[in-house]
């Protein structure tokens, strides 16, 4: 059996609201989960079950209250996200884990094509050849996701929700990484673009990535899922 | 150039830094490390100690206890406060930058923009007027100041332009570490956006390590991958910026984050 | 007092009765002289470095050469022969008064000939005639700090000198070139002494700057109001600041001296009649006179 690219053991998440009299909001409890190369795990369950929360815990956007989250960083190495330093986490996000959130965080004044190309220029920010190659690759992604060329030089702030979503997807998937976390990537997309995103996911799985995803559309789920995870299993009973 | 984060040694190591003013504890046991290419935001409200932290780390004031170590270009780790005044000043002029909140504090207001940018180079021994001017023009262009303003003094510049000039003046000597104290405060929102974009690009392109003090969480979100939150002289929480802002653990961090009005 | 003619010969020492007998030799008390000499020794030991000294109350106001006078008073002895010039001339008011001061308080022989003097006090010029070993040139200095206009805080300039951080001076030169196309400073042109200290040579024209370099004479500088003394020992390297692509250049004239024909001395431009007729003459009156007295010898 292939080694797990992602392994969650006893992961729990409770929010403590210190300014609401210390109210505790338990969301997840006892999460045990593994994802291997070539697998696409679809998280299922009604809203409020902590699907997005789980993705954010893996990405270290949220901090786990208990348990271990191990991500494979090399043939012999793993990193426990819950114990990692900021520096290790930044490196993890650079090299190992891609995260397509529900919302595109907008940075003013940066043209869409550069938003998409950024991950490919990370180590060589001033190298013009790298920049050109990165933009060419970004252009291919934008074309594939049907973003009109006249928009490429514009900052995405004025784009429609669906266009922003596609920029978000391109930006976070352009650099192929072993682990993909996708939170409703097709929520605002038309059927054609939805199909394209499904293809992108299938291609990632085919190249050996592991995918953890949330999809509202049952057809999409059917098209991509290799495993379905029932999130109600991890509902906190506290 | 190898990826910055693979560098095994930190560029800056701050350990247990403390500073008191009489009975008032301005800073207590502050510690952090910084690697090349990392931007660290220090956030907190007035009186939190963030400016004291910045100033003690940048050797502008002496701590009462604790240690600030900086990795010199030859790879050795130097105790910044044990260096001679001459070496500290040299460091401050070459390998470090300090962007002041008020640009007038970091510029020569009555000397031309070109001379402001060229001064560090002249201090490093550049003696060719033509080359100095060319370097100044290059940097003015990089901070989006019109080339034909090169002979104007910053006294006639707007606040945003002055701040961009201050950045150019600091970066011309290719420093590896940049300190910034509320660099966008007092600027109009659109001007702020432009400046932040510039800072974002430059820190990324130049792989600068940056310590930026700000009370504005949006600035921290935009510029910094890492953040520390200060309250009453202490660092109460630290970690990835997005984690602290999206899932704050410490009561004070939660208070700060929830207090920000969404636009 | 009638203006003496150029070419005045050596004066005999003033008689004792004319010396102000109630005043110490050269006016200053011996302790003050000792204090100033100590400062001078320090200054000579650190070429170009400004040594603070306890400037005394002199019978001239500040701005009239009290610093130069104190230095001269501290080093002059009865065997010295004194020359005093102001803007190159022996017979302007300032030179006349200072010379008379030392005649009355020291009774030393005085001269207008650079060659014959052992001690020359000067305001704003270096004599054209080359100096020799054993001669002392005392400069009157209004503002000893070359960075003063760029950095008015003395606490800061002290640090800059201590750490040899002189980028600021080059900033000023850069500004000149940016503004005027060339370095606009024509007098009091800053120099680096002994590759270490930035120094103000006093408001001499930059024409004279090359004479500071490797001069066989001892050069002493006194600023009375600012209370600083500095020195350039004999044969010291003195380099005028410049940029590689804007090298230091001295002033040149199209004209020659109307009186002696010199082509390489510093010329004053004088209006000689009501019609505004102009004439160029040597600023250094003794030099001009020497050339007129012995033209065949080709006195330089």
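Going in written order, the chains are labelled A, B and C, and every chain counts its residues from 1.
FYI, contacts are C-beta pairs under 8 Å (C-beta built on N, C-alpha and C of every residue); 3 or more make two chains touch, one makes a residue touch a chain.
A quick note: this is a predicted structure, and the numbers were derived from the prediction, not measured.
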| item | value |
| --- | --- |
| Central chain of the complex, centres being mean CA coordinates | B |
| Chain separated most widely from subunit C, comparing mean CA positions | A |
| Centre distance in Å when subunit A and subunit C are each reduced to the mean of their C-alpha atoms | 78 |
| Gap in Å, rounded to a whole number, between the CA centres of subunit B and subunit A | 31 |
| Gap in Å, rounded to a whole number, between the CA centres of subunit C and subunit B | 48 |
| Set of subunit C residues in contact with two or more other chains | none |
| Complex contact set, residues of subunit A against subunit B | 15-19, 56, 60-63, 86-87, 89-91, 94, 107-110, 122-126 |
| Contact footprint of subunit A on subunit B as seen in their complex | 1-6, 35, 38, 193-194, 196-197, 200, 204-207, 222, 225-226, 238-240, 242-243, 246-247, 249-251, 254-255, 258 |
| Partner subunit B, residues of subunit C touching it in the complex | 159, 162-163, 165-168, 170-171, 174-175, 177-179, 242-246 |
| Interfacial residue positions of subunit B with respect to subunit C in the complex | 85-86, 89, 108, 111-112, 114-115, 118-120, 122-124, 127-130, 132-133, 150-151 |
